[in-house]
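The following pair of complexes shares a single chain, subunit A, combined with subunit B in the former and subunit C in the latter.
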Partner chain A sequence: MEQTTVNRRPLLLSTTSSLFLVLWLIVAAFPFLWTVWGSFKVEADFFSRENWQLAITGLNTIGQTGSAFTGDGYQGAWIERDFWKAAWNTVIVTVSVTAISLVLGTLGGYALARSARRYTLWILITALVFRAMPHITLVSGYMLPFFEWNVWGALPTAIIVLVAINQPFALWMLHSFFLSIPKDLDESAMVDGCTRFQAFRQVVIPVMWPGVITTGLFSFLLAYNDFAVTAMLLNQDNQTMVPKIASFLGTVQTEGAVMYAVAAVVSATVPLFMLVMFFQRQIVSGLTAGAVKG
Partner chain B sequence: MAEIRLNNVCKRWGKVSGVDNFDLHIKDEEFLVLLGPSGCGKSTTMRMIAGLEDVSSGEIWLGDRMVNKLEPKDRDVSMVFQSYGLYPNMTVYENIRFPIKVRKVPKELHHEQVMKAAEMVDLVDFLHRKPAELSGGQRQRVALGRAIVRKPTVFLMDEPLSNLDAKLRVSTRAEIKNLQFRLKTTTIYVTHDQIEAMTLADRVVVMNLGRIQQIATPTEIYDNPANTFVAGFIGNPAMNLIKGTIESGVFSAENIRIEGLPSQHSGPITLGFRAEDAELKEVQNAINAPVYAMELLGDSSMIALMVGGELINIKAPKDFRAEIGSQVSIGINPSHCHLFDAESGDRLSQDI
Partner chain C sequence: MTHKTFFAFIFPSLLAMILFIALPIGSIVVQSLHVEHPRVLVEVENCGPFGCERETRVDTAATQALQEAQPMGQFNGLGTYFDRRHLATEEVSRIFSDNEGVADIARQMYNLPFYKALSFTLVYTFIVTPLGMALGFSIALAVNSIPRFLKGPIIFFSLLPMIVTPLVGSLILFWMINTQGVIGSNLQLLFDDPDLSLRASPLLTWVTLIVYGVWSMAPFSFVVFYAGLQTVPSDTLESAKIDGASRWERIRYVVIPHLIPLATFVALVQLMDNFRVFEPIVGFSAEANATSLSWNIFNDLRGQVDQQYSSAAATSVLTVFGVVVLLMPVLVRLWRDFNRKA
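Showing the complex of A and B:
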């Protein structure tokens, strides 16, 4: 008798928690799965006003293309409307922003973490203030000078502004990672024959990898997902993916253009999944700091 | 291999003084221990020699080079840190090899030198492991191996044993002593543990509040402490120090009266003697006091007494027993007593 009650309780508990998890997963993943499904349909199905079940059965898709699934949305977005160009621009912007942020952030974060001066705290506090400001405030201030200097619309301009927005965060994050690395490590490297910079590059950075990767990923995501800066500062030719998707959504005159947006959204999301899965281990160890210590 | 000279070295942070007027000449091949309580400036002194800390004033000479402005890497020292400072991403082999690698020693010599160092610190079986897979004692030996892989002018050791457990500390202490004897490299060793200082040192520098209190051999420091700080810091238990007055060679305070002290001094004074220099017998030079506490140590018994308002310790034979509160009489030979100035704490010379 007693044994069954002992067994039953964990069973009940595990069923409930499993059910909850499944429910939560559905709620969380549904919008994305729904979008992926819908991206292979035509507009008449996925944006049907008469019957939502059309999105599942795909009657119009079959009628228009002869099959239940179609790649028309992808073809239209990537080839006809030059989404590949936006994707390429995104690659340039995100890689540049991440690289510049990490170079400046590791050097600056290391310097701030190892400096004994009192103003380091004020530099970090100032950085925090700029981090807290809405991105759009920076952009509106930049507009006029950029027009005057005739640099508005170019990719490097947007990269510089994104770096400026991202740098405080990268600096803070890397600074705290560097703090978790014992000072003895660089000091013994210096006594062993390194210059300060060699100690940084050969001894500290290898230990810092999880921190660098985690910070790099967050910088990447900021640049990748940014709308305010890229929409305001880039001209039509240089648009990155997110403002491009927004412009697809804005065009409702042509039948099917909205489907370009849906296909583009899915295209833009897939690389993120791959990225997170690829760097999963480093991110986990980076987020649970202390793993840095030897 | 060289001698080291520190000429009036000072370290100040703003108005705070860390090391004050440190003046010392360390002989070639000497094992010198900097001893003092935490915050006394001993580590700062060592870090200034290593170049990890700037010198506020004064000069540091390693051999015939004035090294004040040199980077740590150019000073030709090697250092063992309290937390070992091992590179966690490298194996033991790579850790030991690192100093010769960054100093651009020809590649073909690396393996031989690493193996030689690894043999000296008994690590040959662990070369492929990462520091995280080693015990505390083994990590300590990796740090030692990394220090000896090249032939530096000076070894600096900053409390290398304080992260080890008591048993390991004793054996590693012996290893360090033996290593230094074989390598004959001038060594500066920082510790707050007086036993390490007594066992390892050729000479001990006792420091307190950034100042040198005494520079002498371990025996000299134990037998003739230069002031009340050294007397109270060295020895276990530390020297008994009793405040009282002296008048024509007779010291007296509450519960104590000692005659025949070789001193012409008169007035307030501090008298010191070691626990083992007292004898249990009824004589004229004596302490007569009730027992405050008894501690049985195995090889001896320690009697605590309240004398002159201070708690003092007397070492008695191991079979001695007394009830708390019972009266005991302790005799002290005047020649075993040390006299210190009541104000400054400095030793008063006995023969005046």
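Showing the complex of A and C:
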């Protein structure tokens, strides 16, 4: 809504509203900026017993390392504690989960959008109930069978479980995106001699890219942010970043090691920053798609 | 679309959901009816220079054999559900027959692990959801009235609390509110109390977790409501203005009714997400003062020595039951809508 002279807001209201917004921005962004800044300090500065301002001035950091900024936390986490390995595992898990989720989800979502039978509703309702299940309740159902079959701890196990957990959401979202594509498109392709699958693959998918990308982003986020599944189903060697950070917490009693956790936390946040920066529009449209259409 | 093509298309997705969502739900139901085998004890006579002693020992081989023969454990019926760690029927009836008023009942119930977790989960769900939505709505109203070029950056920063990994987000806040962190030490200065710690009392811990919840949930409501505000019909707004409606009345009688369907959707999604609250408790190491149903399951499964699958499974079944109760209004509505159409 454009501001016009007729529509101008009273001064008091616009001041309150701007102040409120500034306050919210500080609440939303300051914790991240503070932690990024602090990750380049030593523990005595960032977790100071005497004075919190040490985190800004960095007196102890200068004293201990000779400069106001230090990469010790990053070095300790990435090299000494093998965080690079966890980062690599995260890459494998997130890329596989996103790719497999999209293949299964587009096929299923397309079928749900193009069939008007009663069972589609049942599938969608069941998917909604599944979507609401706390992930950890499902994990407790997997544990024993996975131990029995000796597949516990491996990356493919976690990947396939995350794909399944992600399916209900992917189905709902892709279903609503497919509904927005006119039926005539694939029907005319089929009149021209395509099979159903060819019409899907060569005619519908090319115009579906925005929906596929948006759903892919959210599948990526689910896999990237998951803690319940990866913490319980992966062994020490295969840990992804989030459970790795949690494992830092248990062992960080030694001096300076808590900074490893801080550095790891910042490292894990950077990709998400990038994601929001490049895909802000898709994320916003994805969040609203479910709401506006559903 | 024929049945055959429909099922050909949806089969992989359906298979994944059946194998890894439906079957595990069945598996926790079965598991919750079983209980771990007791250790097989044998009595051995130990004869030394000072005479003979009878000693009870665990027969590891026999225990293992039993374990392998029946990996689920032995059948226990609903026993696990009613024990002290879950519904605690005996304890509850005792508390109700012997107590010193309502406050005492609450205090005693809070000592039972299941009710402790349930109370926090419910309080968290039903406080964070409305507060997060209210905050999100206010931000949406504020953002809607600022110049266009500012909107992009503001939306960017507003998305961060929601997008960031829940464990990471709670750790970031936890380090700041720590007594050695920037917020914690400033609060100490503010209240002039060098021992003030947000982790000290259950109440403060709950408040901290709820503040975290609102912080991380508000952006979602903000984005959805902001998108909804773009679709408010300007004609209606204008005619309301001509009829003399004040700014507040226009929000109350035009904007809010227009956003009600969206609000239902947001409330549904947030109830589902808040009910599974789990990571913040790990991140804030708050388990002494606040636990949730999800955390209880995690704690049972995490045990290094003996993982308590049956206990975890029973809590899981109770949690699933809670989710279904929570979703019931929505399911009934979907069902009615569909029947009306049919």
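We take it that the second predicted complex is superposed on the first by the 259 of 294 C-alpha atoms of A that agree within 3 Å, B and C clash if a C-alpha of one lies under 4 Å from a C-alpha of the other, contacts with A are read in each partner's own complex, and residues count from 1 in each chain.
Rule of thumb we're sticking to: contacts are C-beta pairs under 8 Å (C-beta built on N, C-alpha and C of every residue); 3 or more make two chains touch, one makes a residue touch a chain.
Note that this is a predicted model, so its numbers are computed, not measured.
Undergrad: Once the two structures are overlaid on subunit A, check if subunit B and subunit C clash or fit side by side.
TA: fit
Undergrad: Return first, second, both or neither, reflecting whether A:Pro145 touches subunit B, subunit C, both chains, or no partner chain.
TA: Touch status of A:Pro145: second partner only.
Undergrad: Just to be sure I read the superposition right, which of the two partners does A:Ser188 touch: subunit B = first, subunit C = second, or both, or neither?
TA: The first partner, subunit B, only.
Undergrad: Which chain makes contact with more of the residues of subunit A, subunit B or else subunit C?
TA: C
Undergrad: When the shared chain A is used to line up the two structures, what angle, as a multiple of 10 degrees, is there at the CA centre of subunit A toward subunit B and subunit C?
TA: 100
Undergrad: Once the structures are superposed on A, label A:Gln202 by its partner contacts, choosing first (subunit B), second (subunit C), both or neither.
TA: first
Undergrad: After the superposition on A, what does A:Ala132 contact: first (subunit B), second (subunit C), both or neither?
TA: In the superposition, A:Ala132 touches subunit C alone.
Undergrad: Should A:Leu233 be classified as contacting the first partner (subunit B), the second (subunit C), both, or neither?
TA: Touch status of A:Leu233: no partner.
Undergrad: Applying the touch criterion given at the start, work out whether A:Trp24 contacts subunit B, subunit C, both or neither, answering first, second, both or neither.
TA: Only subunit C is touched by A:Trp24; subunit B is not.
Undergrad: Give me, in Å and rounded to a whole number, the least C-alpha distance separating subunit B from subunit C in the superposition.
TA: Minimum C-alpha separation, subunit B to subunit C, in the superposed model is 9 Å.
Undergrad: Based on the A-chain superposition described above, do subunit B and subunit C contact any of the same residues on subunit A, and if so which?
TA: Overlap of subunit B and subunit C footprints on subunit A: residues 294.
Undergrad: Could you pull out which subunit C residues touch subunit A in their complex?
TA: Within the complex, subunit C touches subunit A at residues 1, 3, 5-7, 9-10, 12-14, 16-17, 19-28, 31, 71-72, 135, 138-139, 141-147, 152, 154-161, 163-168, 171-173, 175-176, 178, 180-182, 185-186, 215, 219-220, 223-224, 227-228, 231, 234, 247, 262, 265-266, 269, 272, 275-276, 278-279, 282, 285, 293-294, 297-298, 300-302, 307, 309, 312-313, 316, 319-320, 323-324, 326-327, 330-331, 334-335, 338, 342.
Undergrad: Looking at the complex, which residues from subunit B come into contact with subunit A?
TA: My answer: residues 50-52, 71-73, 77-79, 81-89, 98-99, 102-103, 130-132, 143, 146, 156.
Undergrad: Okay, in this complex, where on subunit A does subunit B touch?
TA: Listed in rising order, the residues of subunit A that touch subunit B are 182, 184-185, 187-195, 198, 202-203, 206-207, 293-294.
Undergrad: Spell out the residues on subunit A that touch subunit C in their complex, using ranges where they run on.
TA: 1, 3, 9, 13-14, 17-18, 20-21, 24-25, 27-29, 31-32, 34-35, 38, 46-49, 51-52, 55, 103-105, 107-108, 110-112, 114-115, 117-118, 121, 123, 125-145, 148, 160-161, 163-165, 167-168, 171, 196, 200, 221, 224-225, 227-228, 231-232, 242, 245-246, 249, 261-262, 265, 268-269, 272-273, 275-277, 280, 283-284, 287-288, 290-292, 294
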